[in-house]
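Just passing along the structure, written as structure tokens.
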């Protein structure tokens, strides 16, 4: 019986420990968010900062080209990877039989999703920047990130497609629609909200990615990139560059402000994804 | 077996496998033209399997295999190279759970005609109205054709599905327990509708409901799995009246009097 | 024909020509992942071959002397052992902290927290996973490094700081996957244990954790994957030194951090040696993936 | 050189080379292009060796370098433009009581032979060396002058040293780390760090130009032959008074202020 | 009601809610010591709910609420602060689906004793052997004690679960349809076992199988949901013989003769 009491005491201790662990993770998160926002908000909310051009040597630079670069890169990457991952997801969920082929595709997807992003960066640099002679540019970065994000985007897209009830497919096929027509006219439209939701999460990742783009897209530009073949400087990479070069006197201000702005963007994407996900689930 | 009616379909020695599992074995059965044929039998005896063989819906299932023949208008639909897409337009299907697309009522009905390449708005309008009328749904939905088909009640959804099938003007319509998911009033409506449609279509209905089979069908086939794990076999087939009043097989009698199943 | 068909049974679900073309197109999309992996492997290998050939495996992988020469790359030495060591040391120590923390948080979510709080923790961890690594790195550089410096009297930069940053990076992976594993356990296990008069904690450590062992292991391995691959955050706090060290307060580099520290100006065999480091990363990642496959295959049996 | 009149120059100037010079070069390019909208200056890094090599291969028009030409690079066709003068100053954390270090002490510290401040008259604390990255010209000069590194006997700073990509970061780390020691360009010295005397000499423009303070060097832009057109305009702009005063003197010493050597 | 037997448990006016849904209402029932009490009733009438109230297993379900009392040895187990852990050790439970832990047979049985802090190998060995013998499983598994409990057959697994409960020497054992997932031969074994265990334990069994209730139990309680959505109520309780041969409530008679449920 005394042993039983011991069991109860260890249970209370364990419960305490787990509460601490659980709360610690939330506290850590809050601490990081509050700290970064508090430090950078004053800089970041200043229109002169986020609408200004960056300076290479002088203090007082802004980060407008970096914001544009980030958004541009997101759009370009999604534009490249979404069609591919929808195609691949359709193959995996509608056509593929369980077997060697789909097994090895899954293996490759799993591998892609564990490779360090710096490896993608080096690969993108050798293939797109050097071998294809594109130079460091948005397109090279977008292609690199498209490969990097393929597994996660594909998984989300595939899930959305698999969630389409089979009865829709049956109904369409029984009306004499071919498989492809069924996919185009019924499966994809039904899965679209889910696919959109699945697309948003990778957007956050693209915004935050730095190791894969510093050698493919660029680190510093003064002008807003317009052409996909222009060198660009996405915010995440620029934040790293600014602190590691510290060429300008006010680099702390720039990094603080840039980090806060980047965090706000990523949080906005996250909550948008949650919101859309919830709305999608309710349907 | 029935000399007065022509056969729309003839099922000949049909067996069907899910992978290694034989679901039905050696079934031969004629589907008379412009009549309603009911398939009855306890759960798992292969009614759905059989009815889905009739428009090759089983093609969708991986590892499915068929032996035997199903003749539609003198042609075996299981010859290699047979036009399956065309077949499914000729042999429509209504499922157990109403399954309208997540589109408007209009688009649900127009789906089939659009597949056939009809783009002309006026013609589509006509087909939609006509089909909904035939499905006895027009009056209830004509004001809200743009609303989602999924907002209708269960019974309305099922009639919408019937309208959707009618819109491609099939020759045969297969019903797989069309009323098992809807209420009695809606069931009544659909049974009336089926009697109406007999003028134009050959129909096959799978049902668990003995009364329903007796009420709506002209011919009835009774399927049974003798021993668990065995394939389903045809026990008896004949005129619905005969089957329900004077079955020749003792197992049929026991089933229709509710002693098992 | 039909007799033959009757005998063999005709194969259903054959596609028509147009659909076959569509299928091939979709297949091409899907196999892009295969192509990508192969290309990545090929290009990284190709770029690292000169270093492997010129320096030899011993001088490249088993030496800790990294003294590049920028203007005359052939004159430098490029032994990456110190960085391999740095990667392994920081990753392992991150797991030492991160695995219990992450699994603990997962147990908290699954067993101890009331639903609303469990939800908050789950969302919080998802959010943590989304914070860009440069931000975590900047946070580490401006708060963690000075804190360690004050606490220990060291410079603050080094493997300890890097490991702690890696804990933050790997924690979401470990927690999310562990919680998923725990949730997928059959509820009967818990019921059986509770009905025996076991406390929650006894149920957790005697029944649930052993039953979820493989899944938890996979969660930790995937967390390791994140840790091994993390680049920017580590580079910002590890001190970017070239020494082989085992002391948590000493500065060194990981493979990833060394690549971005040196890649900018590297040419010739120097650059190739950096690609060889990427090759090592690639191989490490593949080892992880294969071990996960083996574990999950075992679980199925 | 005379300051450029608006829009006088046109054409493309390609520049590459030393990362030390890169920011200056970049800034000059930006301002030069603002003054000459029809001119286009493209600046890239790569390191001093890369710049000179590309210049000789005619890939670029200007090669930036933070060191003198080496023997095999000096084939007589390259023209040297000294654009700034840089003094390397040894700095420690302001809390460090050590004020002066001899040549031998510096060498011992940076090569790792002395790893505790006690041995050079400081507190009993570990020495944390902060050095520049491999590609840095500053590091090359420092290794050569302070560590007596030669081609035959290369000397490296200790592997435990923190490697930084720029003067700014060295200053930041030394300024925030109690036991750190590093070296930075003269222009970067401020009150966050404490400069120590080197071999008894305080770093100053005067002593550096006479050679009494040894760790100094010029920053260069090289061209193939005498520059013409936009290339000349660009180099002239770099050497122009406003640019030298406003930009160069922020971190380096204006080339005009250096008279000797 | 039965003066010869003492009551181990007394259920007094017990109601139980899942959130807002009242699953059982106002149930009063005595569980006589060292007898087997059967709970019967159609699906959903709250048998499981009731039996799980007897060792407070419902505490695990979110939003569960209980009104009324369950007295175990003169103490209400629903008083605040009552030792629930200790209660569950005194009132063991065997579930519908055999649920051995993914551990060895030995460890399954030793689980409870270990919880009680017993570490001594020899003592554990003794308990394991003893419990397996009491559960009539020893002869079948004694050679493979280290094999996983989940590799046993369904019936063996269920007996293993019984052995696991016996090992903590509870006073009461609750069985929730212990035989519904296993074959008739194994069922026979378990029924025999229960008769055997009556010497030492008070038992409560929930069963769908009328014959089983009649065979194994001494007392029987019949629960029923009158109208769908209503809570389950106790209809009749008494000596098993009486209930099965001469029930006083007409609904009980209709149920046990198989007319509904």
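Letters A, B, C, D and E mark the chains as written, and numbering starts fresh at 1 in each.
Note that in this section contacts are C-beta pairs under 8 Å (C-beta built on N, C-alpha and C of every residue); 3 or more make two chains touch, one makes a residue touch a chain.
Keep in mind it's a predicted model, so treat the numbers as computed, not measured.
Asks: Using the contact definition given at the top, which chains are in touch with both chain C and chain E?
Replies: Expected: A.
Asks: Strictly by the touch rule at the top, which chains does chain B share as contacts with chain C?
Replies: A
Asks: Please state the rotation angle, between 0 and 180 degrees and to the nearest 5, that superposes the Cα atoms of chain B on chain E.
Replies: Chain B sits rotated relative to chain E by 175 degrees.
Asks: Find the geometric centre of each of chain B and chain E from their Cα atoms only, then give the gap between the two centres in Å, rounded to an integer.
Replies: Roughly 48 Å, centre to centre.
Asks: Measuring from the mean C-alpha position of chain B to the mean C-alpha position of chain D, what distance in angstrom results?
Replies: Taking the average C-alpha coordinate of chain B and of chain D, the gap between them is 86 Å.
Asks: What is the distance in Å between the mean C-alpha positions of chain A and chain D?
Replies: Those two chain centres are 39 Å apart.
Asks: Any chance you could list the residues of chain D touching two or more other chains?
Replies: Residues 164-165.
Asks: Pull out every residue in chain C that's touching 2 or more other chains.
Replies: Residues 16, 197-199, 202 of chain C touch two or more partner chains.
Asks: Give me the residue numbers in chain E that touch at least two other chains, ranges are fine.
Replies: 85-86, 89, 115
Asks: Inside the complex, what are the residues of chain D that reach chain C?
Replies: For chain D paired with chain C, touching residues are 19, 45-50, 70, 125-126, 128, 133-135, 140, 154, 156, 158-165, 173, 176-180.
Asks: Can you tell me which positions in chain A touch chain B when the two form their complex?
Replies: Listed in rising order, the residues are 97, 165, 167-178, 181, 185-186, 189-190.
Asks: Give the list of chain C residues in touch with chain D in this complex.
Replies: 66-72, 75, 82, 146, 149, 153-157, 239-245, 250-251, 261-262, 264-267
Asks: Quick check: in the complex, which residue numbers of chain C touch chain A?
Replies: Within the complex, chain C touches chain A at residues 15-16, 18-19, 22-23, 25-34, 36-37, 39-40, 43-44, 46-47, 101, 104-105, 107-109, 111-113, 117, 120-121, 123-128, 130-139, 141, 143, 168, 171, 175, 197-202, 204-205, 222, 225, 228-232, 235-236, 256, 259-260, 263, 274-275, 278, 281-282, 285-286, 288-289, 292-293.
Asks: In the complex formed with chain A, which residues of chain D make contact?
Replies: Within the complex, chain D contacts chain A at residues 23-24, 26-27, 30, 164-169, 171-172, 247, 250-251.
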